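For reference, chains read A, B, C, D and E in written order, and residue numbers begin at 1 within each chain.
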Amino acid sequence: MKKKFINKKGLAPGNLEFHGEIVSENSLVEFIEFSTHKFNRHVSSNIEEISSKIDLNNQNWLSFVGLHNVDYLKIIGEKFKIHRLHLEDILNTDHRPKFEKQNNYLFFVAKLFSKTDGTTSNYEQISIIIGNSFVLTFQEKESDVFKIIKTDLERNDSKVRNSKCDYLFYRIIDSIVDSFYYSLEKVSSDIEVLENQIHDNPKSENHKQIQELKRELILLRKSAYPLREAISKLQKESSELISQDTSTYIGDVYDHCVQVLDGIETYRDLTSSLMDLYMTSMSNKMNEVMKVLTIISTIFIPITFIAGVYGMNFEYMPELTLKWGYPIAMLVMILLAVGMLFYFKKKKWF
Amino acid sequence: MKKKFINKKGLAPGNLEFHGEIVSENSLVEFIEFSTHKFNRHVSSNIEEISSKIDLNNQNWLSFVGLHNVDYLKIIGEKFKIHRLHLEDILNTDHRPKFEKQNNYLFFVAKLFSKTDGTTSNYEQISIIIGNSFVLTFQEKESDVFKIIKTDLERNDSKVRNSKCDYLFYRIIDSIVDSFYYSLEKVSSDIEVLENQIHDNPKSENHKQIQELKRELILLRKSAYPLREAISKLQKESSELISQDTSTYIGDVYDHCVQVLDGIETYRDLTSSLMDLYMTSMSNKMNEVMKVLTIISTIFIPITFIAGVYGMNFEYMPELTLKWGYPIAMLVMILLAVGMLFYFKKKKWF
Amino acid sequence: MKKKFINKKGLAPGNLEFHGEIVSENSLVEFIEFSTHKFNRHVSSNIEEISSKIDLNNQNWLSFVGLHNVDYLKIIGEKFKIHRLHLEDILNTDHRPKFEKQNNYLFFVAKLFSKTDGTTSNYEQISIIIGNSFVLTFQEKESDVFKIIKTDLERNDSKVRNSKCDYLFYRIIDSIVDSFYYSLEKVSSDIEVLENQIHDNPKSENHKQIQELKRELILLRKSAYPLREAISKLQKESSELISQDTSTYIGDVYDHCVQVLDGIETYRDLTSSLMDLYMTSMSNKMNEVMKVLTIISTIFIPITFIAGVYGMNFEYMPELTLKWGYPIAMLVMILLAVGMLFYFKKKKWF
Amino acid sequence: MKKKFINKKGLAPGNLEFHGEIVSENSLVEFIEFSTHKFNRHVSSNIEEISSKIDLNNQNWLSFVGLHNVDYLKIIGEKFKIHRLHLEDILNTDHRPKFEKQNNYLFFVAKLFSKTDGTTSNYEQISIIIGNSFVLTFQEKESDVFKIIKTDLERNDSKVRNSKCDYLFYRIIDSIVDSFYYSLEKVSSDIEVLENQIHDNPKSENHKQIQELKRELILLRKSAYPLREAISKLQKESSELISQDTSTYIGDVYDHCVQVLDGIETYRDLTSSLMDLYMTSMSNKMNEVMKVLTIISTIFIPITFIAGVYGMNFEYMPELTLKWGYPIAMLVMILLAVGMLFYFKKKKWF
Amino acid sequence: MKKKFINKKGLAPGNLEFHGEIVSENSLVEFIEFSTHKFNRHVSSNIEEISSKIDLNNQNWLSFVGLHNVDYLKIIGEKFKIHRLHLEDILNTDHRPKFEKQNNYLFFVAKLFSKTDGTTSNYEQISIIIGNSFVLTFQEKESDVFKIIKTDLERNDSKVRNSKCDYLFYRIIDSIVDSFYYSLEKVSSDIEVLENQIHDNPKSENHKQIQELKRELILLRKSAYPLREAISKLQKESSELISQDTSTYIGDVYDHCVQVLDGIETYRDLTSSLMDLYMTSMSNKMNEVMKVLTIISTIFIPITFIAGVYGMNFEYMPELTLKWGYPIAMLVMILLAVGMLFYFKKKKWF
């Protein structure tokens, strides 16, 4: 699936509207309620039923999948007092990663990459809102990135189960940054495969593959730079919603994000080296072909001329009547050809 | 219409003079007066009539179209106490986007892009002045970008109708930033079309089209970077003319502007990839042609030589009198040709 | 006239010496004395006579043309208490634009471009010193850039006549920045002309012309960047010599300077696009030539071989005695040629 | 050994796990206990035995080689109260160089390069923890970089023996930065060798060698930039663990690190010059070959045509019956050939 | 003499050792003692004799030439209380230019360029230490750069004679910055010469010369950037060793240094333009050659085919027996050739 770099529908304020492609049929809400002694999980498409069950004395994680059902958002927006602009940001699936602090919650937007078999990355937008006793996540489609977190939440001895919402929030961001590694790995192995192919026998389709790698890296870079900014801002603007301990962990995520960026820049360099390699290989291959022509032409042109001379029909051409004329002519031609071959060899032309 | 990147007429201070091309015949003033309970709209070319109607207890939006009528500006300048340098900036349609704060008003200059059918962007300069109870906009020609705002103003339940001038000001800037998206979309689809064309059959006019895309992106970039600066400055320099609520909305516009810049940088990368693609495709096409020549030449040059040898007129050439001379010569030539073909095939030359 | 980018004579401190080329024969001083009610203008080559006339109760503008007369500088330096290093800077006509604040005056160095008919820019260094009631300007040669200011000074209703020296200073800097526009315009029209020429029929001299444009832009950039810095420093370091009102005007000049830099960067991009265009056009032109050779060769080589075959002198060549041998051979050759033409056409080789 | 730029196993928090390739079979701990009057050295694979011997009144240096034995780390982590995230960082051998300050210790991660005979660098990660009376170093495999430090520790008149742990820490970081010089030297001599080879006779494998140099420099750069940052942070964030005197020495290491970076950037420039040289040399070599073909073709094509003309079988060709026909034809051909040679010589084609 | 960019001998602390090439045989100390009324100059290779003569009530300048005599340094280091690390920096002749402030002195390292006849720059390291009443300079070999300063010191009316050590220090730094101008001048004239050569007749050795220019500029840049930093740091960190007056002069040196950097960047641009020029000239030259081949081939291939046709030995070829057959065939061939020439001329192929 090829994603546009810029969404078509403008960003005009007004009614809440979904700006994106509908990528999953149904909208679902997964509601996980947890505390050290309690763990409940509800999946429903009835937002009002879910909404009534929320107990703000527990930790609550509401995970929304499928954003085209705008009504859900309105109800949630009212219940948790989310700013209208943030609801709009959630619906605009082409938003730049960012972090914003509100009085009662923190708002975080990022891109989430998934594993794919295909050539181009599969990614979606994820928005996260963390309040005092709730975490809300909004995704376009289901992804298995958070499965480990959910398994950890079920175990009553896990750190995430026994911590506040801020640690859950850290785990989510950590998973997002990790999702970049999967894409980078794919790029890494693609570069290696391509490099070997081009070394063996460069083909014109390799150029297209390199272009796709470049495009992939542009996409990753475009998602990772603002993500770093967002995490950095999250670190700097201290909020009572994030504990000191979790803040240390977020520092670790920041380190990973910087490492992802390092990797992206490195692969950009390697991809442009690959392009160089492709160019040089193609040109070397062509030169090899041209050289053979050149050498064959250069050898045969003079001797063909000699044959042409003795093909002339002049009446008085003394050589023609000589008994040894033909063998001598042949010898001359052979000597000429061999001489030129030696000359070219000496000049290291082949 | 091809716009100059630098206006010819210098920027010498002195008399107020229009520095630009006259792009619309008549100068018009549209005067919209609104408050929660009131909405009046006058269109006139008589500035003094309009001027007398202005009631600074209401919200007033004066929209000027056509800047070559300098007298209008002088009257307006005096009425609203606009600094002389700002009047000059309005008249110089080649000004860099900027924001400036004055005691009694804020001054904002930007570029506004319009949809076009043609290949190059259609854009104009827009200057905005916002005071306590008035918004003044100055454009070179009419554009339909603000139609939605005007429709919203007519509806007495819209937010813009029930807010102060600062919200109207936000809506105008928001529309300006949105106008960049239209141009970017065009660039985006042009790149896609070009990419497919070049993949199928590169032509030399594609180079010109890529150059035009580059030029378009240079123009967009040149307009968007200072716009971001201007909005950022507007955000930072708090003014009592902009309420806290509107300030949040302007933060949102800033985000969009950053996103536009991200898009521009991405398309620049893609355009230079396109250039690479064009170069490589052209060179591959040429190489394909050259290879055929090379192979045909390399095969025929030696056998033509053989034919030449037996075209020689030596009296004593024993092969010529052999009964099987001709078929054997032909066989040798065919074997030579086939042998070379095999050799080239093995070398993966075609 | 081709200017060196770095002056040969080092910058060793020591005696005051002129480091530059003497570009105007005689050194002249133009002394303009003005206040709201008074305007006197003296041109003389006798510095002492001029010096005695200066009345520091009026506004005084001393304009020096021709810097090789070091004695003038010494007298002026003593009279107005100019720092020795600044006198040296004035004499070194290869100085970087800069601004420096002294107790009793401000020192400003810039480059001034003049209109020329030739291909390369004509520019000179200008140093300006503004004190409480005097402005001193030092130029290498006469230029008509300041003519408008002088005309305005004569008119007793002009702002510059009725203001302090700081406004005159602003007008001078404004003229300097404007002088960059003239050079940019030339570059702009040169680029347009070259682009059309290269599109029509690229020639090898176009390359040289593009190089000259690049060099011109390097020169402009080298002069404009430090100029922006200097103006910015002038704006920031408030001095009682510059009034609040003039400061606003200098902000305007700063805007223009930024715009000039924008223009320079844009033209740099366009020039490198032009280089691309030239390269591609040359290569396309060459390819077109090569293609014709390729096609003609590829068609004639095989049929020339056939002709060669029937030119062989074997005794037993049954085709030669056939009645229809010749027409059939011709037919085969024609069919071969036409077939190849069709094949190439289908492959879109021409 | 070719190292991946990004490690495959994500960085998910959870159980302590080794993320890397196991490069040395056995895990060893080297424990050096020293003070002015004492020096003991134990090597063991029994961490508990070592742990019991540690006396925090002395200076202690524990050097771990081989990180796949996670249990060691757990014991050490508890004994010295190392933060869990730091233990994870030690195990992830693909970590970015960094410095972090904790209450009771400083944590430092860097890359250590070793001398190799091969073409690509041999490097490993090293993590250093310095506390009040201990230095812990964690390496993937043994390296002889620290041999000098150990020898100095044995001598009871050496500065490192008579100083606190901070000086030992300085010596370790100094050795790490020095290890970059060895890699740079290799790059330096490789560039020189390659340059000479390419000047003499460029080969297509040279391209691959240049690519490897580039890759090497990318790797060095990726390791050196964050190292500089880390040392800079170490310098700025004063800690009571680092004495004033040692701080001066660390400033010196910082200088060396900057110099390494200077070197890397310089070699990057030189490598891309080398690429230029390779390209130009290959193209010059090809051009030389093509020129010979061109000249030979251009000379022989016209005279071969003349030979062809007199090979025609027309009945009435008066020249054919002339007695001097053949010698004259030969003369004409020779004159033509010599004439063209002169023309090409004059045009400086060879 | 080709200098390495990175010195081989690491920078391990330990014994004072000379890390560099010995470029001058003998180590000399020149001791100049001066005050307004006194001037003594001693040259000796006996450091202890010199050391005993130093009177710290006067101004003293000790200039060391030849650094391989480490004992000298030890004595001086003790006498003037120089930090060990600084002594090491003096001995490591590959140090990065830097400035450091100590309690009792300032330490400054820079590169000094000398005039040479050869192609590559001749430069050496110079370290300067300025204390209350002494200036120490350490050089690898003698250079005539400071001759002017010494001459000025002898004259008892010169400013340097009548000032404190700080002015002498300024004069030395000023001479160092000036020394860059000489190298830049050489680069400048080399570029000009090369440009003309390439325009007239590009040769393959020009490429090597451009590479050397690039390398030269890399070297200059690598020396000038940290020098600017060092001077800037010297300016900012006020020290009682530098008087207010001298500080102004150092500001002037800073300006010159920035100008040198401007020049270096400009020449880098020009050098890469030169590379473009070389590439284009070579390619144009080659194209010119190829075009001649192309045109000659394209004209002769078809007419040679016609000659081949009438060289066939078919029995029934009616044209052969025609009386006008031969002249008509010749006419057709000539017309064909002329027609093609016209066609190529019209297409502007030559």
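Convention: a residue touches a chain if its C-beta (ideal position, glycine included) is under 8 Å from a C-beta of that chain, and two chains touch if they have at least 3 such contacts.
Computed from a predicted model, the values in this text were never measured in an experiment.
What is the graph distance from chain C to chain D, where chains are linked when they touch?
Graph distance in the chain contact network comes out at 2.
I'd like to verify one number: the distance from the centre of chain A to the centre of chain B, where each centre is the average of its C-alpha atoms, in whole angstrom.
26
Just the number, please: Cα centre separation of chain B and chain E in whole Å.
43
Where in chain D do residues touch two or more of the other chains?
In chain D, residues 290, 293, 297, 301, 304, 308, 311-313, 317 touch at least two other chains, as defined above.
Based on the touch definition given at the start, go ahead and assign the chain network to line, ring, star, complete or other.
Graph shape, chains as nodes and touching pairs as edges: a ring.
Give the chain order around the ring, anchored at chain A and oriented so that chain B comes second.
Once chain A is placed first and chain B next, the ring gives A, B, C, E, D.
Please give the residue numbers of chain E that touch chain D in the complex, ascending.
Chain E residues touching chain D: 4-6, 8, 10-13, 83, 85, 94-96, 98, 201, 204, 207-208, 211, 214-215, 218, 222, 226, 275, 279, 282, 286, 289-290, 292-293, 296-297, 300-301, 303-304, 307-308, 310-313, 317, 319-326, 329-330, 333.
Which stretch or stretches of chain C touch chain B in the complex?
Touching chain B from chain C are residues 148, 152, 171, 174-175, 178, 181-182, 184-185, 188, 199, 248-249, 252, 255-256, 258-259, 262-263, 266-267, 269-270, 273, 276-277, 280, 283-284, 287, 290-291, 293-294, 297-298, 301-302, 304-305, 308-309, 311-317, 348-349.
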